[in-house]
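Multiple structures are listed underneath, in structure tokens.
Shared between the two complexes below is chain A, which pairs with chain B and chain C, respectively.
Now for the complex of A and B:
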């Protein structure tokens, strides 16, 4: 494949100088070695250094470069340039539902506040043994699909319930983390964790819309985890 | 000149990767007022990308011993590692890994419920006999699982983070004591002097000095740049690890754990060529050995693909269920970045710059040590370093896989403990801040904001990375090194006179990149100058004019070069200090020719 030119429409807003946000149209030439959207964005930034976005690992494990790409949330570093239709501009916007700091950089305070609210750490009040706490391979497997979350916020910022109540609804990422600890045989705080979610908003604002599942760049399924928490709530109520 | 405010802490930790988070646990749980500064949200630090595991001689699957681990590490280092620090690390490994498990890290498990361990390059049983299962793993996402577990522990300990703050410069007074750092809030551009009694650098490596690198964009050697500007030498910067298996073209890391699980490297003839280079350990030889073997295969025309410029990593003979269970992330990476499904097809790989063995000189307590008076290792008051930015030195001339995660755990903890001890045992008031030191950092920011007619940050960093790749790569050539020293000094001038178009105060990433380049270039110069000067081959540093001879097997020259390099920014000067060959309690692991 030879060099080709990509057209972009990028959401721009710098509170230091812009009265209001606008869409910038800009084109950039990419080479055959540029596989991912992030590769093209690095070239864009070389052309216009004022385009602001977060990025780090460029391999989909750090969760920095989440953004809204042609209307869907995703990671720039995992989005193949070949997936974009020819002749149409690639439209980049910040993740929806969070305040914009500048350009594609959003303020993630609310997202992390919800993550922190579920006590995202192992709670085990027994004195730590000399060796590891034992866990069978089967019990460990229960954590697969839960612990791999990279906190990119693609899921929570695609969730209408989180858009309406970001201060009250924990959101898919936080609830996935909550279930990660509930499912861990080493954790002793299951009932405390369920109490913490027993509320009209924190858990039950999930209406199984499943945007989170579609948005997750790691192929995780927060809706399923949320369903399991809801089941546990029901079972303990009976 | 811009204004600044002052904030006061007992301890300031710069960096929130593995080493910084581990040190922060120590300080926060001890109740000291601690600030952790980080350019990115902690779980985005590059520790997150570590895959294959962390070394500890737990012996969960077969007999193992810290002394064997120590032997392997000394041998892996080509005897340039300090044996006191290496003994310390290998003895502390079990305790540190068990602590992590107690924090909640989701290690894979054996059938008996213990932490799962896999073989890894250079890790052997019984003093080099045969590969041993020593790498404690969470699938192929060990770094991710570890970083998140340590961040979570810090959430529990209420650690105070300053997220998306970039440290600019070290604050040192006339007596050489470190009194904190100046740092910039990336969101607002505000500069603050963090005045502290103890300062811990955990800023990671600078792998972005090379063109082809497994490293994240943020790995820009900020701690090394800050230390160098403050007059602290950088140790053993000529030693860079080229990881054998970066995805060809993309640079993304493929863990050595793939070979630990049975993966095989093949050339264009389909030959398992490592059998010729390392008859005993084969594909699980030390990383420098494997990278050189691969490069030799490619240079001699046995590479694969239309340009014969990569070799193949084959795991298609493994049970797909094993791949899905033990190497799920690798399969994703191969599909995403190489366009192959490794269950069916081999992955194209090339040696790729990966890890910096050198760094800020420390002892095994995590204290920064520099030549002063009659001592080559005088403690810099109030200053600590741990992880990839530090040189303890446990990796010497070549690091073993899984020893980096161990390094950041053990020395992150020990730097944290040392800082806690200093705060407890010698409680004293903060020393007064020297004004000029803070203005030095402000002047750098001012320069970038006002420079006219300067070099482009993007072009300059490309020039630096190309220069390093060509002049200081897997194999080194005396004439290229010499020319490289000249060339990198030109790039250095450009890097200190860059111009940016973005003048905004709000989240100005152009300014951040210009500041990062000023740090990277110090590391690049240190690397080139140190490499040019070391006239032997050792570990990852192999040069054409120091070949394998009967007198100097592998080109190593212990009589003249069994010593650590110290590079000073001022005057581009080199000094040397001896290697610590005496361990803490056991006998010296005697010098030997390295073979796998």
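Now for the complex of A and C:
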């Protein structure tokens, strides 16, 4: 494929200068070697260096370039340029529901607060063994689809329950991480972890809308993890 | 205490479970009634005939209780999402509860008057 021109509509807002946000229209020429949306955005940034966005690894590992692309949350570095229809501008907005710091950069404080609230680390009070704490292959299997989360927040910011109660509802990313430790046979705090979530807000604000599954660029399934936490609570209670 | 976010009311699981169970009760009742009514046919007399059986009255009563509990959890969820000031929300909760209890009582009265 030869060079082509891409049209963009980008959400711009600089609280120091702008009264309110506006959409900037801008075009950029990309080459055949530019494969991902992020490549095009780097070119955009070279053209207009006032555009602000986060990115780092450019290969779907760091989770920093999550944004709302044509109405869906995703990572710019994993979004193929070929997926955009010809002749229609690519609309970029910040992740919904979080305060905008500038342009496509949002304040993730609330998101990480929720993540930290589930104690995202192994709790085990036994003295550590000589080498490592062992698990059977089957027990390890349960952690697949959980530990891969890169905390990009695509899921939580597409979840209506998180929009309404970001201070009280843990959100899909945090709950996926919660189940990651609840499911870990090396962890000894299962009961406290369940206690921590047994509340009408923290876990049960999830109404199985499944926007999170739709949004996750790593193909993870927070809804399933949430279902398993609920199952465990029921098992514990009856 | 002023602006600290407080969570940890331990009724999350109970209400979630109750919502599923009451939904099941309502689904089963609906099926039973559809079958019964297709046997007896519609109309006021058929209804009266059905409700003359205390068993039918009893399951109808259970159905109404389930409906009320189900509605209570659902409507409270809406207030929790959209109404933030505690005082207003508490008032709405109380009004909702009163209305639902009132409906349940009213239904009972109608059922046993038939």
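Assume the second predicted complex is superposed on the first by the 238 of 238 C-alpha atoms of A that agree within 3 Å, B and C clash if a C-alpha of one lies under 4 Å from a C-alpha of the other, contacts with A are read in each partner's own complex, and residues count from 1 in each chain.
Just so it is clear, a contact is a pair of C-beta atoms (placed from the backbone, for glycine too) under 8 Å apart; a residue touches a chain by one contact, two chains touch by 3 or more.
A quick note: this is a predicted structure, and the numbers were derived from the prediction, not measured.
Look at A:233: by the touch rule set out above, it reaches chain C but stays clear of chain B. By the document's definition of touching, of the two partners only chain C reaches A:167; chain B does not. When the two complexes are overlaid on their common chain A, residue A:11 makes contact with neither chain B nor chain C. Of the two partner chains placed by the overlay, only chain C lies in contact with A:204; chain B stays clear of it.
Within the superposed three-chain arrangement, the count of touched residues of chain A is higher for B, of the candidates chain B and chain C. Of all the residues in chain B, the ones that touch chain A in their complex are 40-41, 43-46, 48-49, 98, 101-104, 106-115, 138, 141, 144-145, 148-149, 152-153, 155-156, 187, 216-218, 249-250, 252-253, 329, 332-333, 336-337, 456-459, 500-502, 504-510, 513.
Interface residues of chain A, counted against chain C in their complex, comprise 161, 164-165, 167-168, 195, 197-205, 207, 230, 233-234, 237. Those residues of chain C that touch chain A in the shared complex are 5, 7-13, 15-17, 77, 80-82. Only residues 14-17, 33, 35, 45-46, 48-50, 52-64, 78, 101-103, 105, 108, 112, 116, 119-122, 124, 128, 130-137, 139-140, 143, 147-148, 150-151, 181, 184, 186-187 of chain A touch chain B when the two sit together in their complex.
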